[in-house]
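Letters A, B and C name the chains as they come in the text, with residue numbers starting at 1 for each one.
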Amino acid sequence: MLNRSLRWFEACAAFVEFLCAVCRGLLTGPRYLHETLRVMDLLIRRCLIPVGLAVAPVGAVISLQGAGLFRMFGAESLLSSLLATAIFREYSPALASVMVAAQAGSSIAARIGTMKVRGQIDALAVMSVDPIRYVVVPGLIACVIVTPLLSVLTTLLGLLSGWFFAVPVMGVDHGSFLANLYAQVSLVDLWVGLGKCMAFGTAVGLIAGFLGLRTSGGAAGVGKAANDTVTMTIVLILVADYFVSMALLRLGV
Amino acid sequence: MEFLHFVRRALVAQFSGLPPRDEFVRHALDAGVGSLPLLTLLTIFAGMNLSVQAYGTFVRFGGQDLLGLFCGVGGIRELYPVMAAVICGARIGATLAASLANMQISEQVEALEVMAVDPMRHLVAPRLWAVTLMLPLLCGYADVVGLAASYWAAVDQMGVNGGTFMEQVRDIVHLEDLAAGVFKGVVFGWLVALVSCYHGYRALKRDGAEGVGVATNRAIVHSAVLCIVLNMFLSALLYVR
Amino acid sequence: MAEQAPAITLERVCKSFGPNRVLHEVSLVLPAGKILVMLGPSGTGKSVLLRCLVGLMKPDSGRIFIEGEDITALDERRSADRDKLFALRRKFGMLFQDGALFDDMCVGDNVAFPLRQHEKMSETEIAQRVKEYLDAVGLKDVQRKMPAELSGGMRKRVAFARAIALQPRIVLCDEPSSGLDPVMSATLDDLILDLHRRYNMTFVVISHDTAEARTIASHIGLLYKGVLQTFGTKEQVLRSNGEAINQFFDRSTKGPIQVL
């Protein structure tokens, strides 16, 4: 028990130290812009399909269940407003981030973990290239930029699939669907969504880098790093999402 | 194509007699009990999120009194089974893929074959059974925890009337919905286990540590995406009339 | 008749991966109860040859007989053949390069594993056998340890104990000396000789260590670029003065074997 709490403290201390190193790496050079662009390109290509595939069905399911609910009250025309608000503000950011965590987070952690296990991280340090600047920071920046971009795309996809299930499948009127679509969303919702995405993207990049660098124990350790990254970020995203939504609700935004 | 071949072999192994008991129990405990802390934490927040976010959305239409309906339908029919599946993919699936991949690259799978033990029956079948049987239970558990969490958030935080909330849940959620959720759990569990085992099994010795990372990553992403997409089709099948 | 059949017969075995020719028309006959050391530079198909012997891989052409039975005729995808293949594999024990011990079992369970799978024995009998084999490889008080806690040499010795647990007729060793210090690899060589004397098994040892070949081999083969350059008893091969074999034993860069 004591041992475990000691290890926990050690991990926390290591994380703080890691955060400081990352901040230093962000604020001061050398910067590896080329590496950052390469990681970004890789992330977009790897995440596009999974994220799209994960968010599109959510719009469909909201339409499907929502149409049934609203029909009971004869308020079918409100369906599209519900869809737009839910997707813009809540589901698209959260799900896009969860999928970025699953895809990008685990692959970044696995890549850094593999480098660590094979001694390449030490090799970088010996060649006096700071591993944090070279492997962690580019991944972090890429996550922060890519997540909102993907979220915009997934919002559109979600609305499209929502429309498909509402209008042709459930028989909601096309005209009233379009008319009410933007009735309840404002620019603020868009910004809230994008802000959440950037915050969640930061979490993904930081946790993946941290756990990747802490990998030990050969090939099995690499799998564990990738796995832990995903579960930890999903927990963090859901918990943070709750408090953000709560705060915004209280503030009346 | 390769996947279909694997599925065929896995099915043969899964249904040609009982899986090795010790292995099965170990994996069932790990998949079931091992997932409880994470799943509990996540469904509590997902349930509260559902309430808070639905409230925020409904308030705009003046429909905040319908929260119970929404939480019942959205949660039990859709969110909790998918949540359980995605968590299952992220935790159990990834562990399965990583352990199998690790066994592949350190030649442990070949060692089994040389010892004339069929790795499909010894490794894959117990994992498939364990996850397929455990996930529906986890789904049922998530239903209870999630509903309690959204009740708490709605009543305590939002000031929705508790009686109305429960009445609406009882009105809209029928036994069939619970059964459908559990059914989804069985399908997702089997799928997650199959996809994860496939990616783990496919790792090659020469990939080394990298192979384990790739297998883990693919298992998580593919099982999450497959479950979410499949959920849409299952819902369309179950609820569109 | 089965008594007299050679342990291993290869007839013009070929195997390629895409354009990569890994084995080309390899033929040899190894009598039972001998120790063959197969030498060759890294990446010349030695491991592939080993995997073909146990049917983990299938040669593109040619045939492999294990004690007179054709293992290449068996198709793993057909269930009847699969049973035959598994029955045939029980004649083998195999020592993998890094041991391939199961990480999630302790040492005792690792050695007991093949016994539990294939023999109907009581747990006390199994415990006795496990102890016997661990003694044979010179390990004591390690039964409850996990593989991760052992050193490389100990892991290999445990793997050895597991490989011989079913008292196989043929033991295949994939680079037993790789990654070990000279003293430990000499210990493993002694172990092979000792086990050979004690259980009269046939050994096929893959190696690039010529000292090992001199110490333990009764037969030596040299594989280079997928072609079996030399094969024969140790005396024949050492006396043959073949260019390639001399280069290998002299550790010279000059000769037919070229580094790519």
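Miscellaneous remarks
Keep this in mind: contacts are C-beta pairs under 8 Å (C-beta built on N, C-alpha and C of every residue); 3 or more make two chains touch, one makes a residue touch a chain.
Just so it is clear, the structure is predicted and the values come from calculations on it, not from any experiment.
Comparing chain C-alpha centroids with the centroid of the full set of protein C-alpha atoms picks out B as the closest. Set against the C-alpha centre of subunit B, every other chain centre is closer than that of C. Counting C-beta pairs in contact, the chain pair with the largest number is A-B.
Note: centroid distance subunit A to subunit B, computed from Cα atoms, is 20 Å. Rounded to a whole number, the gap between the C-alpha centres of subunit B and subunit C is 43 angstrom.
Separation between the centroids of subunit A and subunit C, computed from CA atoms only, is 49 Å. Of all residues in subunit C, those touching 2 or more other chains are 103, listed in ascending order.
In subunit A, the positions touching at least two other chains are 220. Of all residues in subunit B, those touching 2 or more other chains are 99, 102, 106, listed in ascending order. Interface of subunit B with subunit A (complex): residues 38, 41-42, 45-46, 48-49, 52-53, 55-58, 60-61, 63, 66, 69-70, 73-74, 77-78, 86-87, 90-91, 94-95, 97-99, 101-102, 105-106, 157, 172, 208-217, 220-221, 224-225, 228-229, 231-232, 235-236, 239-240.
The touching residues of subunit B, when paired with subunit C in their complex, are 99, 102-103, 106-108, 110-111, 113-118. On the subunit A side of its complex with subunit B, the touching residues are 50, 53-54, 57-58, 60-61, 64-65, 68-69, 73, 75, 78, 81-82, 85-86, 89-90, 94, 98-99, 102-103, 106-107, 109-111, 113-114, 117-118, 165, 169-170, 184, 218-220, 222-227, 230-231, 234-235, 238-239, 241-242, 245-246, 248-249.
Listed in rising order, the residues of subunit C touching subunit B in the complex are 51, 54, 56, 82, 86-87, 89-90, 92-94, 96-98, 100-104, 113-114, 117-118, 162, 166.
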